[in-house]
């Protein structure tokens, strides 16, 4: 966390906070209506695109927030509030939606699985939705919106027939679908740990459980506030979202709800696993101690008997008996047999 | 959970999600008013039945959600929103009710006990309620609505005298009655585990307790959101539910409330059982260790005494005493008697 | 719990659920105004008493719910909703109040101490309040309303001067007073367990604590929903309750509140007792183990010394010393004294 | 708790419930306006003082609730509701405020430290506020209002310039100041226990912690509902409280809030202390066991070696070696040194 | 806590409560508009500055609350309510905002890190905001507002162009930035403890964890109520805050929200660390005990065998065998090998 790096600066001074994850600023513009589609790479925001008289939806998808100058230029061109620019370049935002009268500002966390190592990647996406334009900002190149672009290109689904509001919805829909996928991945891992726990728990199991717990918390931290955001979209923003899109928004809410429920369930399971682990370790330990103690307990009285006849008294009649030794051996066997039987009867063995 | 299988597809594309549990699509139509009743098997949804000018209630009961084409055809014929169709074929829905102006969409979980192995079967039922028609969808053949069909056939109770709203209520009523039955079954199993725990807890008890806890959670997950659904039915839907049905809806709410309270109580009991199990195991273990340690503690000083007279010093006067050996044996008996008495007095034995 | 016994039947079919606790149906009618009072036993509900033109309050107090026919007849005569009849004969209701326009239906749990064994008796009472008539139903004969009947007979307090609404209040007042008494009884038992725990906890203490915890839960389950009921009486029912009775209702609410607070306090105390018990047992155990281990620890090195001089080497000079034996004994005494002092200094002993 | 003693009596029958703590009924009347002040002892409530045409504030401060007759006379003279009288003489009330149109009834708990033994005294005070008269009732003589009387006598602060509403506020203010003092006292005791715990925890520490926890709960039980009372004073009673007094009421709320926060903090600290105590005891125990076990572990193999050469075989060559004995002694020293080093390296010692 | 020191005094009597931390009363006045700026040291509040006809913003920054006379004079000059003066000099306030019609009173906690020892300094700041004047009060000299003064002097950011409301916001903004910094510091310390825990936990780790937990609680106690304050600023005070400042206030809320979330996360992590610590200590202990017990368990049977052949029976044939001794040694080696193998197979070793 490096939120405090800019302490003492005036509010509304955009400073990049987060880890630099891409080389250069890059921007793709997709312009489409239900008939045409046009895609181009742009080097920076320019006054050419500010005009609002074009028809169709324009989606500006920008990479590399650390290039703060580009973001500032964007702010100037489209008259965006400095606090919004500050929020865009600070990747420690809480998912939120803000209504600035002539535009909406939306921040959410994109979660997806790294193809290489299966780790969860957590990337902040900021979206500004203004008239028929959608601006999306993120630091890392490569995202989960490729299927959405494909749908726009191939005109699949409703997306090409409707406005920019549906594009924003479609982005959120993919984000939420990825939450579900990530949750499912974690769920599989929880099951794997559960199986391992039942068979052969070792000291790494504890660490695994804590890692899972912490991952679940991280996902929840991304999902939970998005639910508020979507709920506000449903309640308040009837002026930007088409009534027909409203049904889709409620569908999104359902999916978020199911995800949260799954996460709660996973958290509960993880806690149970922890309890199970601790008690299974403790029982195993107890078992070991019990067996060992029983062995000692059997041999200590026998050793005592041997000790008696190891004494050097001159007058010890048993020592002179011809079968004294074998008698004592016999007594020892009987004593140990009685003890084993006693322990067996008590179910200690 | 396989909610994410369709990631990247456009919203509103129905894809079956769940386990295939029946061979073919099957549909039964029951048409009744307070005088006549007619039952027939239909192969698929057809335009013949779309007309609304018939009197009486028509109940379409469809099996096999995996036949997505049939569901799509249903959607086209009756003008159902694609998101609803998507929800019908995805068996991971949260119980909910949605108002689509000219129809209501209701999803709930049907819980019942498998006759063969006593396991709880959890099956999603989707109901669409449109004018005087009720459509119900589920994947698995065989359900809990047979007594309801019997009541319709034999004209028992109010059901034949009143409208389709009462049919929806009657379905929910049976579902809730089954929740109560399932809860009761779990309650019996909790009591069985409790008895076993008091008599002879073994290592399977822990697993039993966790299984019960998890089953209780599963039932709660089905029951809890249905309460919201029924509460919304009570509050908002006076336009579809007859005022007289309203009383029945409130009765349903009471039953759900009692079920939830029972579940909460069962959960509490299960947690107590867990605590009891852990402490009983720990006490038993402690008892074993205590007895074993006491045995060692008695014999170790005796062995020491024997050790002393096992030493080979040339000048050990006791060794030459005539009754030295018997004196030492006596001392040993006295020492052990004192120790046993001491332990008894301390209530350690 | 046998709520599910009637699964599959039409809603509103009264079936007795609970344990049969009285032989025959019995009914007492008390008719009173501020001048006259009349008491008679009735065999069943009859049309004679349906008329509403009589002055004064009439209280019908019926025993034996398992006689469902009698209840059904009551329903027909007074035009009571079938669901209400079903609730009356099902003794697993949650305390509640329902407004049926021309009558009120009230269910609550009567808790009182069994004179013989001091156990808590939990009995469901259903009350229907219609015009100037009050109908009360319960399964078991013998109740807590005797002092109320006495007050009516002897014209003590307000009861004879005011209407049937005050009678309903007076019944609730006695019920709540009994809750307080029962809570107090449990409180005394908690204190007794606490004292026992401080002096000499044994294995039955744990069971006692769990029983108390479960009793507290049961009382809470009766008290908590009644608070809602009384709160609704206060808020909504100004049309049936005289304004002057309103003050009494609020007094009732206070008493319920105090009871709930006491119960919460008792639950907290019980949980503390459990913790105290577990840690006291564990500490006692630890103490035992510590003392036993210290005894072993002192004797094991001594035994080792004895073992050395029990060796049979030919050349062991000490063995030939004249006072070797006494020297070794002295060394043993010194070693054990040092160990005891060390343990004392470390406060282990 | 003896709330149930009056079970079966008509509501509104005042019966003293609590412990008798003063000999006789006593009452002080303080009559003041901003110019004059008059104090006198009264033997009982009398019709002389009922008249309302006097100017200035009159404060009747009565001791000894067990003299129920005096309270009943008060009720008759001033036309107070029987339920209020019942609440005054029952010292198990929950702090509350009630509006009876022509008077307000206020109950709260006065907490203060006993000068002798430092224990917390919990005394119920009932206040009736009617026109320009304030009646206060409590069982025990001696209270915390002396500084308030002094302020009235010496005309310090606002109190003599303003009405009876400010007097009620001033009483509450002193009560809340005493809550803060008592909380602070408990806080000091918590710190003392903490220090003791860090230095030398003994078995009384556990009891101390539970006592503190229970005291904190008791204070909270007095403070928490008073906050509701004060909040209602702020919200609803603008007709009795001067607007200028309103600011003081909000100040009171702040103080109550701070007290509650302190109590919450203390409760948390106490719980932490409990955890710390339990783990410190457990660690100390573990340490003892570890050292003891290590001692045994070192000597048991040595004793075994001694045992070998204590065997009486005829052919044991080592026994005949000249330096066999010293060799074995050397081996024993080496073995024990290796073991000690091993344990040190493993950080077990 | 010394809140109770003034018990018995009239409300609204300012008494300094807290620790004296500065020598003399000191006050700086900064007067600025967007063109001019003037800074001067003042010895006390004087009538010269009461006039309101000056343009621009005036910020009076006063040090040393213990000089209560100065504060009283301020109260007289500017007509401030005595309760406000009391709150200013009592440093145990809960963060709050109060609206006194012609001025606002704001209390909050300033948290910052001591440059010398890295400890968290917690200092109460009271702010009165009246017309275009801002009065700030604190006990300790030296604060976190220096960057703000610099911005005013150098005319950086919006601050010189806008009114006194923005100055109040800017103060809160710096305070919140410091909360974030302090939280981050604590977060780093949590990570350090985590690393230490994974490598080599010792007895100080427990104390570290409890200290961290307590620090997190302290920060939360400052941050949590400020969120309420800022939320009230956002909702209610549109008359004092410019609409444009409103956006900044909401930004502040976001930052507070993120801080609270971080604190919650840290608290969770700390609790996990505690659990991890306790179980790691317990596992380590168990491991030690297991190894030691295994050593004893191996040697006790061997010692028993040695004990047998140490017996002095006259007729013990083995003793006369030529290789009896070596046979027994061999048996001992075999027995111990079998035991080690058995323990290894059981994974106890």
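We call the chains A, B, C, D and E, going by the order they appear; numbering starts again at 1 in every chain.
Following the convention adopted for this analysis, a residue touches a chain if its C-beta (ideal position, glycine included) is under 8 Å from a C-beta of that chain, and two chains touch if they have at least 3 such contacts.
Quick caveat, the model's predicted, so the values are computed rather than measured.
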item: For chain C, the least number of touch steps when starting out from chain A; value: 2
item: Chains contacting each of chain A and chain D, listed by label; value: E
item: Intercentroid distance (Cα basis), chain E paired with chain D, Å; value: 27
item: Centre-to-centre distance between chain E and chain C (centres being mean Cα positions), rounded to whole Å; value: 44
item: Per-residue overlap in chain E, given as positions that touch at least 2 other chains; value: 289, 293, 296, 300, 303, 307, 310-312, 316
item: Chain E to chain A touching residues, read off their complex; value: 147-148, 151, 156-159, 170, 173-174, 177-178, 180-181, 183-184, 187, 247-248, 250-251, 254-255, 257-258, 261-262, 265, 268, 272, 275-276, 279, 283, 286, 289-290, 293-294, 296-297, 300-301, 303-304, 307-308, 310-316, 346, 348
item: Chain A-facing residues of chain B, complex; value: 1-4, 6-13, 81, 83, 87, 92-94, 96, 98, 203, 206, 210, 213-214, 217, 221, 274, 278, 281, 285, 288-289, 292-293, 295-296, 299-300, 302-303, 306-307, 309-312, 316, 318-325, 328-329
